[in-house]
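Next come two complexes, and both contain subunit A; in the first it sits with subunit B, in the second with subunit C.
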Partner chain A sequence: MSRFIVRRLFSMIGVLFAISVLTFLLFNALPNPALRLAGRFASAAQIAHINHQWGFDQPVYIRYLTIMKLVFTGKVISYDQQVNVDHQLLQYLPVTASLAIGAGIIWLSMGILFGVLSAWRAGKWLDRGLTVLALIGVSMPVFFLGALMSYYLGDKWGILPAGGYVKLQDDPAQWFVHMLMPWFALSVLFIGVYSRVLRSTILDTVNDDYVRTARAKGLTERQTMTRHVLRNSLIPIVTLFGLDFAAVIGGGAILTESVFNLHGIGQYAAQSVEALDIPPVLVITLFGAFVVVILGAVTDILYAYLDPRIRL
Partner chain B sequence: MSSGARTPSANGYLLDVEDLKVSFRTEDGVVRAVDGVSFGIKPGEVVAIVGESGSGKSVTAMTLMGLTRSPNATFEGRALFDGRDLVTATDEDLRKVRGAGIAMVFQDPMSSLDPVQRIGKQIVEQIRTHDRKISKAQAYDRASELMERVGIPRAQERLRSYPHEFSGGMRQRVMIAMALSNAPTLLIADEPTTALDVTIQAQILDELRQLRTETGAAIILVTHDLGVVADIADRIVVMYAGRVVEQGTLDEIFYDPQHPYTWGLLGSITRIDRDRSQRLPAIPGLPPSLLRPPEGCHFRPRCPHAYDRCTQVPELKARLADAADHLDRCWLEPERKRRLRVVGDQIGLASEEAVIS
Partner chain C sequence: MSATGSTPASVIEESLPHEGWPGGEGAEVPPGIGPYQLAWRRLRRNKVALAFGGLFLVILILCLLAPLYAKYVAHTGPNSENVDTALNQFGVPLGPTWHAKYFLGADPVGRDVAVRLLYGGRNSLEIGFEATLITIVLATLLGVLSGYFRGPLDGFISRAFEVIWAYPVYLLGIVLGVVLAISGLDLGLFKIGSSSLLITALIIGVIYTPYVGKAIRGQVLGLREREFIDAARQQGLGNFRIMYQEILPNVASTIIVFIPLVLANAILTEAGLSFLGAGVRPPNPSWGTMISEGINLLPSAVHTMLVPGIMLVLCVLGINVFGDGVRDALDPRAKIRIDH
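Entry: the complex of A and B
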């Protein structure tokens, strides 16, 4: 176990390094940011001054080291708004976390529920209905679904607020009401995927020898299903969930955040990319990679716990 | 149906199977996997069901446990156990018999245990399903005793192991311990040694033999290996293409076999006194498709001694004057059989193609 953690820490450092270099180099291919910072009518002297002030006249590796140092000391300033990026990120994080955690709970539980129902009634009308629903869920773009929900449930019928975010600590009830639509809009795709994956794993597992053993032992159908079939079928779902959840936390819910006007990390990333603002993009990318690596390690630990054949 | 009341059947059988038929509807048509199987087993007896793959022996065994029940399966006939017909029993009645009165050991011990649960938990699960009053601690004690009894050292500790930490032979011992956990009166072992290597096979057979003497449980041993049977069985049921073709005591089957298929099986056993310069004889041809079985005797297309009468199905009955329980399905005269079955100086199936080259 301790060896596993050490190994993971090393690989995390490697991953973060590679991702930061790659992101930095990609944005480095863009025209000199000093031109944009200086404004349209700047003189050559002004540009040279900005170049020097921000360090754009330094060689690439020095610029990389400088910005990384700033990132890790929490002093990195965005080019566009010239505000501290780490502070910005911390301000956006609760919104994204609210979205990801709530949606995660919903898509995991509904995905499992629909998957089990589908497998239980395989081939019957309930299974077919759920299959069609899953297909719709998977194929429906979140911006379209979100827009529909926001328009009908929000603006037209006024059942739920159409968008925006209320801080949890300010008003928990309002926070909940405001998050409901985004949660479901984000979950639909995952529910579709998870229910299909679980359905097929269950139908595979049902034919395993140890399930026949369980029946031969005199267990009821229900005990066989929960203790042996479901227990074994949920293992791949755990892997899926770890990765998907990390991606959403790390800014992967850009579309949902935009549709419901939630100022989260995804939206922040989108704005920064639009403004060609390297520091926030770099920080968000690193943050995303960090979350994925950490949750990946947690998933692996959980995986080893669920399946004793796996040694860490 | 009265549950629990012990009504021994009139002929003293613990399990009495009568004209059992199992067929499955498939996309290609109806597969008659078991086509009229009858046999009985007395308390404490070891009966071996022998046949090649697809002869219906496993389906017969699984049907007794209700494990072949599915929407596209149909059943006929009776299987009386403890005054209860297993073929028509409700799922709940059958569940109470499974793992308690009748327990089963499967072919592949590598995949027959749940990979993610500790051995102890899996044994205790079976104990507590049938005995609601026993405490968890007591159940674990019993599990540990059972493990010791089937020869697993440091049983107490090993209860906490996972299946993948055991070898194949050890896992099969665990399966046997689990099967014994509710003191069954009948143990069905479906090819229990097939997946194991030869030295382990001998150990497991030894274990089964010992169990029979200690617990008095009857055993149905399903196998394709006559060598295994010779070691342990009291009586043998030979199956071919869904039907019983011959049944009798161990000695009757080995020394006075009446059905040409049995001759073929006996002829293809490796023997230490066989001339090694020759290839091992095999029965020519393949078993028939159970979708469209041949008319009459199912073995007819592969039988070198078949004649016109074989297009009618021979009845399973005693055809020898001095052995009332030695039944077979062959039209040939016993006298003729005695001559036909001798190939070289041993019993076998005479045929020009009998040697694979």
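Entry: the complex of A and C
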């Protein structure tokens, strides 16, 4: 276990380092940010002053080290608004976390439910219907679905609010109502993927020898299914969920956030990229990758719990 | 048999080779039938998959015929604006007329939605196919090399996959999209202009490479320990000959199963990136940009969002259902998928 943690820690540092360098170098290919910071009518002296003040006249590796030092001391300032990036990130995090946690619960439970139903009735009409739904779900771009929901359910028929975010601590009921549509819109794709994956793993598992053994030793069908078949079939689902949930928390739900006008991490990232504002983009990508790697490790531990044959 | 075989659920009803792909060891194929022939027979029985494959083919052909439609039916180009005839007195664009001109209505600057839909489809599909080609070629090359040679090369390639994997997909996409749109890409040998569709294709192609590459690497790691590879080496075959002649045919069915999966995801990703303004640049149409433009006009002109959106869903659905059929035929235990 401790070996596993140490190994994971090293690989995480490596991945984060590579991602920070990659992001930095990508933006380095752009024209000097001093020209934008100085404004359109700046004199050469002003530009030189900004160059010096922000350290743009330094060589690349010095600039990289400076910005990374600022990132780790929590003092990194964005070029565009010149505000502290970490404070901004903390401000956007609750929105994204609300989206991710609610949607995660929905897509995990419905994905498992549909997957089990589909496998239970394999080849029958229920299975076919769920298969069709799942395939439509995977083929539906989230921003199109979101726009449809927001327009019809929100603007036109007025059933649910069309978008925006209400703070949980301000008004829990309104928070819930505002999040309902984004949760479902984001979940549809994942429900489709998970139910399909679970269906095929269950159908694969029921033919395994240990399932026959479980039946032979006199377990009821329900016990066999929950203790042996489902427990083993959930392994790929756990892996998928870890990755997907991490991606959404790390700002991966940019499309959902932008179509429902939720000012979360994804939208913050998108705006910063558009403004060519390196510091926030760097911090967000590092944050996103960090969450992915951490949840990846947690997933592996859960994995070992579900399947005792796997050693960490 | 043919009645039950017409659904993707046919997996469980047939006793199929248990090696994950046809032609694997222990596959009990009838004498005289090769693994691909067997797969083709299974696919041919799957009428639903074939129908949806046909749907995709029809969309593809319609999009390829876009210039003919524009010239002989609609008499207008994808970017030609016609404010006088296409808007009513309040400045609201025409809805679908179901006539040759403005068949699916107009957009607020008077462009024919049907013409733009077909031209946009050309762009979306072109990017989709190019990205798929890039992903498949890169993933096969890197996956086979790292699985076969292992050691430091594998370490390097696997780390590189991990970095792209951990990088949030759309974030990487828009970072690359915005940066490359400003600077263009200079690969030394050839240059890609900053407005080229190839940039978007390249971004998507690179993003999906680890998903496919990891799967191929894993399979090659298993294959290289098998007896037939030892036999090939005993016969004096070189490494690259073994990879090309012995390994590649054995991962071919995996690659085939991945093609529709990657294509469907690439088209969706293109739409997403264009929606965020990091894909196809206006005024050039693509389904993603058209939906994005349509959303901004929502209360007055719903058709400008609905038309490209429905087309996109139909196209991707066609690929997905057909791809599902291909997977059922080639990989009946459904081991291959894109985890995302």
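Going forward, the second predicted complex is superposed on the first by the 312 of 312 C-alpha atoms of A that agree within 3 Å, B and C clash if a C-alpha of one lies under 4 Å from a C-alpha of the other, contacts with A are read in each partner's own complex, and residues count from 1 in each chain.
Note that in this section a contact is a pair of C-beta atoms (placed from the backbone, for glycine too) under 8 Å apart; a residue touches a chain by one contact, two chains touch by 3 or more.
None of the values given here were measured: they were computed from a predicted structure.
J.: Which partner chains sit in contact with A:Leu276 here, subunit B, subunit C, both or neither? Use first/second/both/neither.
T.: Touch status of A:Leu276: second partner only.
J.: One more residue to check, A:Ser139. First (subunit B), second (subunit C), both or neither?
T.: The second partner, subunit C, only.
J.: Where does A:Gly252 make contact in the superposed view: on subunit B (first), on subunit C (second), on both, or on neither?
T.: In the superposed model, A:Gly252 contacts subunit C only, not subunit B.
J.: With both complexes overlaid on chain A, does A:Lys167 touch subunit B (first), subunit C (second), both or neither?
T.: neither
J.: Have a look at where A:Lys75 lands relative to subunit B and subunit C in the superposition and call it first, second, both or neither.
T.: The answer is neither, since A:Lys75 touches no partner chain.
J.: Touch test for A:His52: subunit B only (first), subunit C only (second), both, or neither?
T.: The answer is neither, since A:His52 touches no partner chain.
J.: Looking at subunit A, does subunit B or subunit C touch a larger number of its residues?
T.: Residues of subunit A touched, subunit B against subunit C: more for C.
J.: Tell me, which parts of subunit A touch subunit C in their complex?
T.: 11, 14-15, 18-19, 22-23, 26-27, 29-31, 122-123, 127-128, 131, 135-136, 138-144, 147-148, 151, 155, 193, 196-197, 200, 203-204, 239-240, 243-244, 247, 250-252, 254-255, 258-259, 266, 269-270, 273-274, 276, 281, 284-285, 288-289, 292-293, 296
J.: Any idea which subunit A residues touch subunit B in the complex?
T.: Residues 208-210, 212-221, 223, 227-228, 231-232, 235, 306-309.
J.: List the residues on subunit C that touch subunit A in their complex, please.
T.: 4, 7-13, 159, 162-163, 165-172, 174-176, 178-179, 182-183, 264, 268, 271-272, 275-278, 288, 291-292, 295, 298-299, 302, 305, 309, 312-313, 316-317, 319-321, 324, 333-334, 337, 339-340
J.: Across the complex, what residues on subunit B touch subunit A?
T.: Within the complex, subunit B contacts subunit A at residues 65, 67, 91, 95-100, 103-104, 106, 108, 111-117, 125-126, 129-130, 162, 164, 175, 178.
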